[in-house]
Structures are given as C-alpha cells and as structure tokens.
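Presented below are the structures under discussion, each in the form of structure tokens.
You will see subunit A twice below: alongside subunit B first, and alongside subunit C after that.
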Partner chain A sequence: MTSTHGTPLLEARNIVKTFGSLRANDDVTLTIMPGEIHAFLGENGAGKSTLVKMIYGALQPTSGQFFWKGRQVTPASPSVARHLGIGMVFQHFSLFDSLTVAENIALAMPGPYDLPALSGRIAKVSASYGLPISPTALVGDLSVGERQRIEIIRCLLQEPQLLIMDEPTSVLTPQEADQLFVVLKRLASEGCSVLYISHRLEEVKALCDTATILRHGKVVAEVDPRRETAASLARLMVGGDIHAIKARASAVGLGKPRLELRHLSLPADGAFAVPLIDINLTVNAGEIVAIAGVAGNGQGEFFDAVSGERTVAPDMLCLDGVGLGGRSITFRRKSGAAFVPEERLGHGAVPSMTLSQNMYLSRHAVDPALVSSGVLNPEGARAAAERIIKGFDVRKGKPDPEARALSGGNLQKYVVGREMELQPKLLVINQPTWGVDAGAAASIRQALIDLAQGGSAVLVISQDLDEIFEIADRIAVISRGQLSEPRPASEMTREEIGLLMAGAHERAQGGSPGETSHAA
Partner chain B sequence: MRLEKRAERSSTMALASPFIAIALTIVTAGLIFALRGNSPLQALYVYFIEPLTAIWSVEQLLVKASPLILIGAGLAVAYRANVWNIGAEGQLTAGAILAGAVPVFLPQWQSPLTLAAMMVLGIAGGMAWAAIPAFLRNRFSANEILTSLMLVYVSQLLLDYLVRGPWRDPQGFNFPKSVTFAEGQLLPYVTSGIHAGVLVTFVVALVLGYIVSRTVKGYEITVTGLSPRAARFSGFSQSRTILFCMMLSGGLAGLAGAFEISSVVGQLQPQVSPGYGFAAIIVAFLGRLNPVGAIIAGLLLALSYIGGEAVQTALQIPDKITRVIQGILLFYILACDTLINYRIVFSVPALARA
Partner chain C sequence: MDIVLTLLTIIMTAATPLLLAALGEMVTERSGVLNLGVEGMMVMGAVAGFGGAYVTGNPWLGILTSILAGMLMSLLFGFLTLTLLANQVATGLALTLLGLGLSALIGESFVGQPGIKLPTLSGIDPLVPFSLVMVAAVSWFMFRTKMGLVIRAVGNSHTSAHALGYNVIGVRYLSVLFGGAMSGIAGGYLSLVYTPQWVENMTSGRGWIALALVVFASWLPFRILAGAYLFGTISILSFVLQAQGLGIPSQFLSSLPYLGTILALVVISGNKALTRRNTPASLGQPFVPDR
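So, the complex of A and B:
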C-alpha cells in the first residue's frame, strides 16, 4: 500500500441521485486513496450500484461533484471514465461465446484492430498478474472464473488507476476467489486502487483497507473492516441485528424418499449448454439437500429437468414413488411439487405484470381460490398476493406494483412466498438468496428450514457455501453436468467442496486439464 | 431532448397514446389537403364528420367496420402472444374461396343449412391458410411475418385464376366473376343497411375480450407474449399457443371473407376485399391489442375508408388518400406507444458539462 495521505484518487462529494420520488443516493460522500482496496458495502437496494454507475459514467448525478486527483470531473459516459483511468468489471459479463478471448477483448479496445499484437499484450498481462488464459481460447468453452479473468485483463490493458469490481466472488469457487484476492492485492501494491463491492463480509475483512457502508442511499459509516467483526459490519449494513437462524436437529435418515432421481441424463440444448450425465439423488421428507457448484455447470439444466420444463424418461424422476419424468411442470405441481427458478424477472415472474397477476403463473392449475373452471378470479389473486406480501414482508411502493418495480430481494421474497404458501411436498429452489440482502436472505433460509421441518423435501441449488452450510442436511456438488455422491453436511469441509466443484468426482472423459490443475 | 425509461409502464399513456396519434394524424391530413390547395377545414369535415351525419352512411360505416373488427380482434389476440400474423388478407381470401365454392358448385341449394355451411367453410379456409405459417414456425422456426405475408399473394392469385378460369360464370359475358349468389346464399339483413354478420362481429369481439382478460387461456396468451420463459415455467406450451393464435386469427379472417362475399359482394371476383386484412393490423394496434378496443378502432378505420370515398366525390381528391391516412395513423400510434415505457426529458442534467 503506497500512501494513505495526500490527494485522494477519487472523491465523490455530496452526491444525490433521485429516480422520481426515490432518493437512491442521498448526500453520499466517498474518498478513495491511491493504492487502497476500498470496500463498498450495503444491502441490495442500498444504492451501491447507483453510485458506481455514476463514477463509471453510465448515470449522471442529480447534484454533487466528483474530483479525480483533486480536479473536478464529470464522467459523462463510460468512455470518459475509461479515459480518466477508471475500469470496471461487472457482475454480469458481456462476452460473446462464439468469439475467442482476444477477439472479445479487441471489441472493447480503442485504436486499430490488430489481433496478433493484442494477443501478445494479453499473454504478457496474463503472465505477469498470474491470470492464466489463452488468447485463442473460445469463450464458450471457458468456466465462469476464466471469463472473469478476461474482463479483468480487458480492464488492465487500459492501465486503470481505479478498478471497480462488482460482487466478483459470487461466481467463483473458494480457491478461485483466493487467487483473485492475490491479484487484487498485487494491483493495489502497484498503486492501482480497487473499489470492491460485496456483501460477503468475511472476504471484505480479509481483503479491504477501508469500508464505506451505505444504507437506504446514505453513508452510515466509514470503518476499517479489519478492526470490525462480521457481525458488527452486518449490523451497520442492516441497521439492526439479523436474527440468527434457529438451529435444528439433523434430519438425516428420517422420512421416506420424496424425490428420487435415477440415472437422470439430459442432452445439451445448444452449443454452450451443459448435458446432464447420469445423476442419482434421493431427497427424503423432512430434509434439505443442497447442490453446490460454480455457475454454469448444469444447474439451470438440472432445474429444468427436475421441474419438468424439459421432460426426461418417466422412471428417471420419481415423486413419492411415481415416475413423473415424462410429465409436464403442471402435472408435477398437481402432484405436490413447487419450484423457484434462479432468474426472478422473466422466469419466476413476468416483469410487466402486477404481483396479483403473477399469482396465476405457478398456481393456475393448483389453486381453486385463483381459478375455477378456466376462469380467473382477480379478487382471489389479490387476496393471495396480499397474504404473501404480509407474510414475507415484501416491501413495495404501491398496493399492487408490477414485478419489475420491486427490488431483487423483495421480488425473491414474493416468489418464494408464492411457492411456499401451498405447503408443497417437494420444493426445488435454485439460488434462493442470490443477490438478496442479509435480512431477507435470513428470512428465506428460515422459511426453507421450517418447510423441511413440516415434513417436506427441500432441494436447494446454490453457489453460496455459507448458505449451504447454514441450512443443508446433505450436500452434493455439481460440476460439468455430473453430481457427486451426496454426503452429510457435518462431514464435509469447504476445501473438499472446492475440489469437487473443480471436478474431482467426474468420471474421466477428457475434460480440459487446465481447469483441474489450477484448482488442485 | 431525449428519452428516459420510466420505472413502470404508464397506464395513462397507454390509453392516451391512440388519441394523441389520432390528433396528429388529423393535423397531418389537414396539412396534406392544404398542400393540394384544398381548404383543410372543409376537407377534414367532409372526410371525418360528414359521414356521421346521415343514417345510411352510419349503417355503411358499421358494415365496413365489421370485417375490420372481426379480423382486428383476432389479430389483437395473436399479437398479444407475439404471434405476428400479417397475412389476414390471404386468410380472408382463402375463406372467401372455400365459402364461395358452395354457390359455385351448388347454385340451387338454398336451405337454412346453406349459409351455415358457407360460414363453416369460410372459417375452415382461413384456418387452413393460417395453419401453414403456424406449422412452419413450430417445425422450422420460420418467421411467420414473412410466410403469412407471402401466402397472401398465393391465395389472391388462386382466387384470380379461379374466377377467370374454372369458376367463371358461363352466362357472365366473359367477365372474371363467378355466378351471382342466390337469395338463400346471402346473409339476412337486420335493418335496411346492416346484415347479420355485423351482429356476429360485435358478439365475437366481446367474447374474445372476456377470454383475454378473464380466463386462463387469455392469461396463457398474454404471458407467452410478455415472457416466453415465464410461460414455460407456468406450464404453457409455446408451440400450442402459436397454433391456437394462428388458427383463431386465421379462422376469423376467413369468416370475414365469407361474410363479405355473401353480403356486400354477392359473388366471387378477383378482389373481394379492399385490403381489410392489412387495415386490421392497424385496428389491432389502435385498439391496444384488446378485442374490445378493436371495436372502436375498427369504426375509426371504417371511417377512413368512407371518408376517402367522400373526399373523392366531393373534392376530387384521389381515394388513395385513404391508404396514406391509414399509414400515417399506424406510424403515429407506434411512435406514441414509445411514450408508454419512456418519457421525454427536455433539459440535460446541469452537471453534464465536462
């Protein structure tokens, strides 16, 4: 770390940003010194991304000023920000699957298109920062961790003085995250500042020099995270204590099998999709089984096969002993199953429909209060939506808003509530708390535990190991479409899961050696 | 001045947009009349107001509106599901051909069943013609906009061939026309100017309005259009919805064709519709993709046809002005609909100065 005195690299002074009546940023002041790793903490909807987008020039503040090395600047567009020396790695990558690494990077580079020269520079940066990547590799063949490296290299090639990272570890294995931290610390030691957005408190404590905490658009504290505990940081973020999840007796071995998957296989649906290969799994009544894994290893395909959005052979999937593999999602719902997909907007809910209209989406065939003989009952839907909004503390601006008007966390609470209210015998939920703030995540996890305690079988697909250890009775790991043998959570460590995520259990079939070697 | 995305779609603007579009169309039409040297106020009066001042012309308006509403209501349902049936004109023609086959082959058959058979065949013809793009879309992902549009010309040329060749009236002095339909092959009239098909049209539009807003089928169609992934999650099959929407809109277009030849036209001839199938696309959008809205929109579009004839007679303005005004109207509707999801911002934020 170079200096913590002198002129700040970037200063945001009294930034206000309003969207209609909402003050997304309310008098936010933030100071980043050269060479520091600065954490930017806050719940979902606290206004982190709003400020970051303004720094990066994608949004303009309503009032307030930015100073870059003491000089007032106005990042009017991302290209202005890049010109100043600001680089950003987004949470969702913008890469083309069918192009090579070098071609993808060339698209974002100013100046003439010279692939051989660029490949040389990529190789150099990649070697000097320990970010192994081949410039000629096809992006579609790469893991999510490798794709993130492309984004980082793309920024580094422009020699930024400030690198903004938006929740970078949410898609990485623990080992990959550790490697990322080494790179970030190295960058900081060379004088490049990092603005690190996260709500994973442990990694902020391990990595960052300073933390600015945002709540409801206002800065509530600036602290040294190394002197705080995870609990004290969480309190600052949420503004109160997060109620601890009630411990429960382990349910392993109790209950009869509810969901049985036998040799479940599903061919890939397109060039960059993942095939499912011979998956075997039993989920018993009263237990929570979690499937860990890095994003893009077949979780989406697995969810589609279990939910019935794609059908398989009848005996590959049994619910309460009845083969339902060939049946539709509607038939499976009628048999007592419920599903929560990963994507809330556009999959679990229709963005431009109101919450009450979204009630029919998963219940039109199973809830007589909503639909009778093919005719919708808007009063019934409104009452049901109202119950869920109350029961799951869904916060919203007006009585029956469109789904897209809700924040991610609140919409997730609504979708989860909609599926849970019918007390399904089997609940399959993909990434239950992805992008959801700590308070809402705790209440969703509690609801999952309560559901299992009531005798339901719960199958959770998650990338979040903290979450998995918090709620799961048994854990299996998915990697390139193959599932490891599920084992009791109490017998597993993070390191073992990390190795399984990188493919330790896969049956030999000539996978890319680079993938396993850096994880081992 | 720039566009800024709204947080939620504005329901006020969704209702106001057609009215803004109509107002802009009238202003533009006035401008066109003025440029031709006519008095714009007089021309606008003759075009838009005068047809509403006499009972016979109001009846004529309803008769002209009937096919527009019938087809427009069906298209509105299809467009809600993002099924872009552009070929209603062809399905109308196919329906007319099949319905017209009854009087052509059985000129003496005049029982109460005759009309029923003609209507059923009209629906079947429209459905069969619409089934082709539906199949191509579901089986080969072929774009239904292109396939349905191209099939328009196929059916029109088929009709042209039939009335010039095998189906020509032997006593027709070599005119390209079929036999004139007999009394029992024509729709009964409820008033001196309004035939029974007009009533059927209004009933169909109201029933479709109910289906769209209050039934699971209507929900399925709407969800499929708004979010195909969510529709699959909901258990709705996209290919089934595509087939349903094409059959519904095609069948109604075919029925409109059967109505036309068994009322206004009274026989088969090379052209059985002045472009109702295309004008109904405007009806569907102007009616907010709502079958009940299509009633109002259909009446307005019918006025554009009748007004075009009126200015031609009274002011010697070519009746091609009808197409011009319809085109301008569709253009303004689509432009104004942007304001449902976006707002216009006039000032640039004070801080954007570098």
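So, the complex of A and C:
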C-alpha cells in the first residue's frame, strides 16, 4: 500500500463476476487512492477488462460492492460512471470514422449540443495538455495515435477524477508512448487517479505507483512496481517462469532467397486504406524477417498482396524465383507458401465450424489426406486437427469444438499449427501473438524460430517490439505504405525503429515516380 | 404561364411520393438498417389510406391510417431484424412480397370504387409542401441536433455507440419506424392524391426507385430532393415524347425516368470522398450486444 491515510477514491470490495460456469472475477478487491497511477496487471483472460467494465458501468457484478469516495455506488451504465467522474480510454477505440473529432466528442458529452462551443473547449484542452488535434478533422483520416488523443481529450473534458486506460501503448510508437506518460503524470499531479491496464512490465515500472496483479480472476498480489523487477512481476502474472526462448545463431545471409518482393506497389482500396509504395524485400531460407510499424500503416494491405488476397504484377512477388504476383492464394499455397492473417476468428478460421472442418480452409488444395478427387475426407481432417491440438497444446472444452469456443490464444495456436504443420517454404504471419497470453505467445514464437531453423523463410508482421527483438534476424519498418531498408536486428535500437515508424525513411513528396499523395 | 404551372404540378406530383419514401429510408439507413421493404410498406400505406378514407369518408383519416400501416409493417421488420436478428436483406424482400400480397387481399373490395381525393389548400396538394418542409426538417435534424448525430453514430459504428452507452437497438427501432411512417404517407399520397382510387400493385416499383435514390444521393436529403424532382421531370418528358408519336416504343419511354434518374445520380455520386463520408459503415449489419 502506498498510502494508508485519507479516503480511497475508489474501492472495489469482494467483486465476483460469473459468465455461466466461468468465474471471470473471483473475490477481487482493489483500492485506488486519489492522485495515484495504479497499474492493473495480468495475462489475457485474467479478468482485467471484466473488472474495469464493471467500474465503468458496462457490466454489472454478480456480487460485491464498489465504494466511490467512501460511499457505496453501483454504476448501472457508462453514463452513470461518467457522471461520478470516471473516464475510460478503451483498448479498441469507440470512435466513429465518418464523423469529425468534435462530433465524436459531443457524443460522449452530457448537456446541450453546441458544436462551436465544444470545439473551443477541445482546442483549449488540447493546447494545455500538449495533445494537438483539429476539432474539424474526420476521424477516418487520423492516425491511431491521434485517435487515442481524441479518446483522452474526450475523457479530460469531463474533468474526471479517475481515468481508466486499457492497454494504451499497444498502438503507439515509443515516442508517442513517452508523450502519453508525460500527460498521465501531469494528470496524477493534478489529483486525477489513473487506473493503468497493461502487460508491458517496463512501462508499469516506470510509470505506476502501485500495481495490483490478477491471475485467473483472483488478485494474487499488490506490490510497488518500482521495487520489483520485470521478471518478478512476470512471475506473479503467469504464476511460474515463462519458458524462455532458445537463443540461436543469427541466420542473416545464410540461405538462398525464397521470397523476393520487387517494387511492390498497390493502390489504396476504398475507404481509409493505405497504398503500398515501391516495396523491396528479400526473405532468405532460414531467417525470420520482421516488419514493425504502427497499426494502419499498410500492414493489412501488405499482407493481402503477399498472400494473394489482392494480386499484383507477376514479377513483383517471387517465390523461389517464380513470379507469383498475379496468382491466386491457392496457387501460392500449392507453391509452398502458408499464411496466417491477423484476425484469427472470421479470417483465419470460420467461427461456427469445428476445428476439423476449419482444416479445409487453408489445406483443401495442398493436403491429399483431407481431400481425394474432390471429395472431403472427414477422418483425415479429424486426424490432422488432432495432431495440431496435441502438437501445439491447444486447450479446449470438448473433443472437436467450434472455432469460436476457443480462447484467443488457443485458437491462434491452432491456426499457426495448421499452417506450419506442412513445413511451408514460406510462412507469412500477421500479428502472431496479438491478444495472446504470455505462455501461448512464447510457444508460438518458439515454433516460428524452429520453422526458420528447418530452412523455411518466415516473414512476421508485428507491432510488438519486444516480440520482434526476440525472434527476428532482420527488421524493416512500414510507415504509410513504404518499407524501410531491412537491417540486422542486432544493429537496431528501439529509438531508431521509433523514428522509422514515424516515417523517417519516407521519400519526399513527389520524389519518386510511384508516389501517391497522402491525405493529411 | 399556365402550361409551366401545369407542368410543374405534374412534376411535383410524380416526385412527391418518391421524396417522402426516400427521406424515410434515408433516416433508417443512416441508423445502419437496410430496409428493402419500402415497396411493401408503400403499397400497404396506399391500400390502408384508401380504405381509411373509404370507410370513414374523411381523407385526412386516410392519411393517418396509411401512416399507421407503414409503421406497422416497419415494426414487423424491426422486430424480425433488430430483436430476432434475421437477415435484413431477406427480411426486406419478404416484407415487399408480404405487402404486395396482403394489400391485394385487403383491397379486393376496393377495386373500382370511387376514391376520395385529399382536398387541396388554395390549389396545392398539402402533401407537396409537406414533403419539401420535411427535406429541410430531416436535414436539420440529422446534421444539427444531438439525436441526429446519435443516429449517424449508430449507423457508423454500432459497437462504438454501444460502448458510449447509447441504446443501439432503441435508436434503430425509432429510425425504422420513421422510415415506415414516411413510406406509409408516400403510399397514401398515391391512393388519395395521385390517382384517388385503389389499384392492385399501384406503387409499380416506386419503392425500389426510392431505395436507389437514397444510395445514389449519398444519404443526403437535398440530393434526394434533386433526384426525386429529376425523376418527375423525366416522367413528364417521356409523356410529351409519347404524345409526339415519334415511333419510339412506349415501354422504352416509360422506363426513361428510371434510367435517367439512376444515370444522373451515379454521375453525381462520383465524388468518392463525399460518398465515403456519408455512407453508414454498419449498414445491414445486425447488432448483438456483448454479454
């Protein structure tokens, strides 16, 4: 406990929340003092979001009480919580692309609807906290960092006494994250408490006064993070040592080129898409190349072009020297490539189909055990799914569950296992461990390293710098559809990558022929 | 001068039902609900309007019953798609089929009966100025009031609206009901003003044109107004051409307004940025609140 004097701002006492047979929160008690930055740590699925949603009134507890400044309250809805003085910045922003910044903020404000007056207040708050934003800009045209600013300003305008931040830095460049910390510290010094949800331990150590650690819905510890090490915090979160990744000799320049991208360009496709501009990249056999970047800088488009969801000119993309740019996904898979998209439920797997049925999704043309002369072989699919479930430790409730019944981490292990099992020559994987708990993430990363060691080329698109430094041999950074020159991971620092993420490598406007002007 | 006035009156008469129905559907779609049953709601509004006036002898009560009929139809649509989460496209198509069949059944005894025309106010059909006022009113409501902003927000991202604590399903019900009421009036206009009688399937595809108008007008009220009046103008043009006896097949001439309006609107909807900005992103997607 950092402070024992005074009335706590918020107290959660013995909160229980059950979803069917699952106890998402089991007797959780949490105390937040005025003006403190309180970290809320835990793996995915530990129950952090559940508790926070109850504080914010989006969910109701099964039992237990909340006390706000010593008075018992039950936030029945987000508007009640906002009225009390609780603001929340969601991990997934609740913004509206086709509305302006001011309109987005007006939607969360009580009282009369007066856009000009509101715009004035937005300008004032954004100036005083160093969060530059134009009230008349369309949200769809803004970067992720700018969108987060809208969420923060939206909360600040209501002069909250408690600000809840749900994994705020997962979408920011290191520099943007530093700016955010300055704002949060300033808020705390003005007496506003911050409940900071994260699983980035270094960040928590640098920023927070107190940390409450949650595991499987139960509070396992309340500590002063500045007196802990990242390793000790991780142990508390996971309840054991995280299986360390086996280090290996760097494979730079060892194998022959497998995937070659030459002047890969792709026009923007509709709504708020990003064009790809003259991307050159070679991935050799036996190495892992990682593409870093802040979300929404063309990663999705890049994955679509490489996987064949959108085709390009034949010689823009070569696998083992054969131009495949104009070929379909199936043809690319037949040529020995495999792909894991970012969104596992709905893109990587059909939610309402069983795991064995989902085997067909990517293997119908390449695995003779699943299909013979156009006829499905359910036995083969079941056997293959069984192998993956065993090999990748996919935990499930019943023998052959529907894909949607699996937790995010387990489904990701299944999808990755499905793609890796046939030992592809090339594996392209977008956000391999996004929203996956630490244990599953470690095993997925290990599998990627093992695959590369077996002679495959592995291309990883990730926003997680820790992950990239853990597994990548070479790193390139994508920013507004342009890719930086890939360089060995051992030669790069976080700061350099941060600068590249912010667009340091982008060619000057109009400098190269393929350049498309970018909407500001 | 008289000819101009007559022409203008005919144009307005042709444009008004489209304008009314399209305005209602615009609000429905802005909230993220695609109701393809405009034709069905309109035709039910027409038969109910005729029936209401026929039974009570009061055409104003006819307008009221046409509104109620349209709202009832849209309530059915809302219940199926918003509460029971049925597919919106299939439900909308079914609503049109239901409306066409049911109106024919209800209206069987009305066929050939003399209708009652809605009285004019100093020579003008009151629904014409009403429709024009509604363009301004709907535009003001959608873009200048908080409630309009909420409807647009719900149509843009229902998950975000839900996260902010808005009642997505409630907002959508109201928008669907407004769409039903406007389609109902549009139907009532046909059977109480345009041709004061009941003929089976008397909407003859106007509901579909209203739907197309909404999309090609980029969900903007004043563009809907322009599209509806363009349709009216080309209708007159094709009558005139037909009267000239140029030997052009009459079927082609009567399809001209439909072709011309769609072509013109396709051209003006070429402004991609504007279209993008005004297209409801969650159009047609069912909303299921999480736990």
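The rule we apply is simple: the second predicted complex is superposed on the first by the 504 of 520 C-alpha atoms of A that agree within 3 Å, B and C clash if a C-alpha of one lies under 4 Å from a C-alpha of the other, contacts with A are read in each partner's own complex, and residues count from 1 in each chain.
Everything that follows uses one rule, which is that a contact is a pair of C-beta atoms (placed from the backbone, for glycine too) under 8 Å apart; a residue touches a chain by one contact, two chains touch by 3 or more.
Just so we're clear, the structure is a prediction, and the values are computed from it rather than from any experiment.
Looking at the shared chain after the overlay, A:F19 reaches both subunit B and subunit C.
Counting the residues of subunit A that each partner touches, subunit B and subunit C differ, and the larger count belongs to B.
Within the superposed three-chain model, A:A123 lies out of touch with both subunit B and subunit C [touch as defined at top].
Contacts of A:T74 after superposition on the shared chain: subunit B is touched, whereas subunit C is not.
Once chain A of one complex is fitted onto chain A of the other, the partner contacts of A:G348 are limited to subunit B, with no touch recorded for subunit C. By the touch criterion defined above, A:F90 reaches subunit C but does not reach subunit B. In the superposition on chain A, contact is made by A:S98 with subunit C only, not with subunit B.
According to the touch criterion, the shared surface of subunit A, contacted by subunit B in one complex and subunit C in the other, consists of residues 19.
The touching residues of subunit A, counted against subunit B in their complex, run 19-20, 60-65, 73-74, 76, 80, 307-309, 328-330, 333, 339, 341, 343, 346-353, 357, 360-362, 364-365, 371, 374-376, 401-402, 404-405. If you check the complex, the residues on subunit C that touch subunit A are 145-146, 149-150, 152-153, 156-157, 159-161, 163-166, 276-279, 281, 291.
Subunit A contributes residues 19, 57-59, 77-79, 82, 90, 92-99, 103, 106-108, 113, 138, 140, 270-271 to its touches with subunit C in the complex. Residue ranges of subunit B in contact with subunit A, taken from their complex: 7-9, 214-219, 222-223, 226-227, 229-230, 232-235, 349-354.
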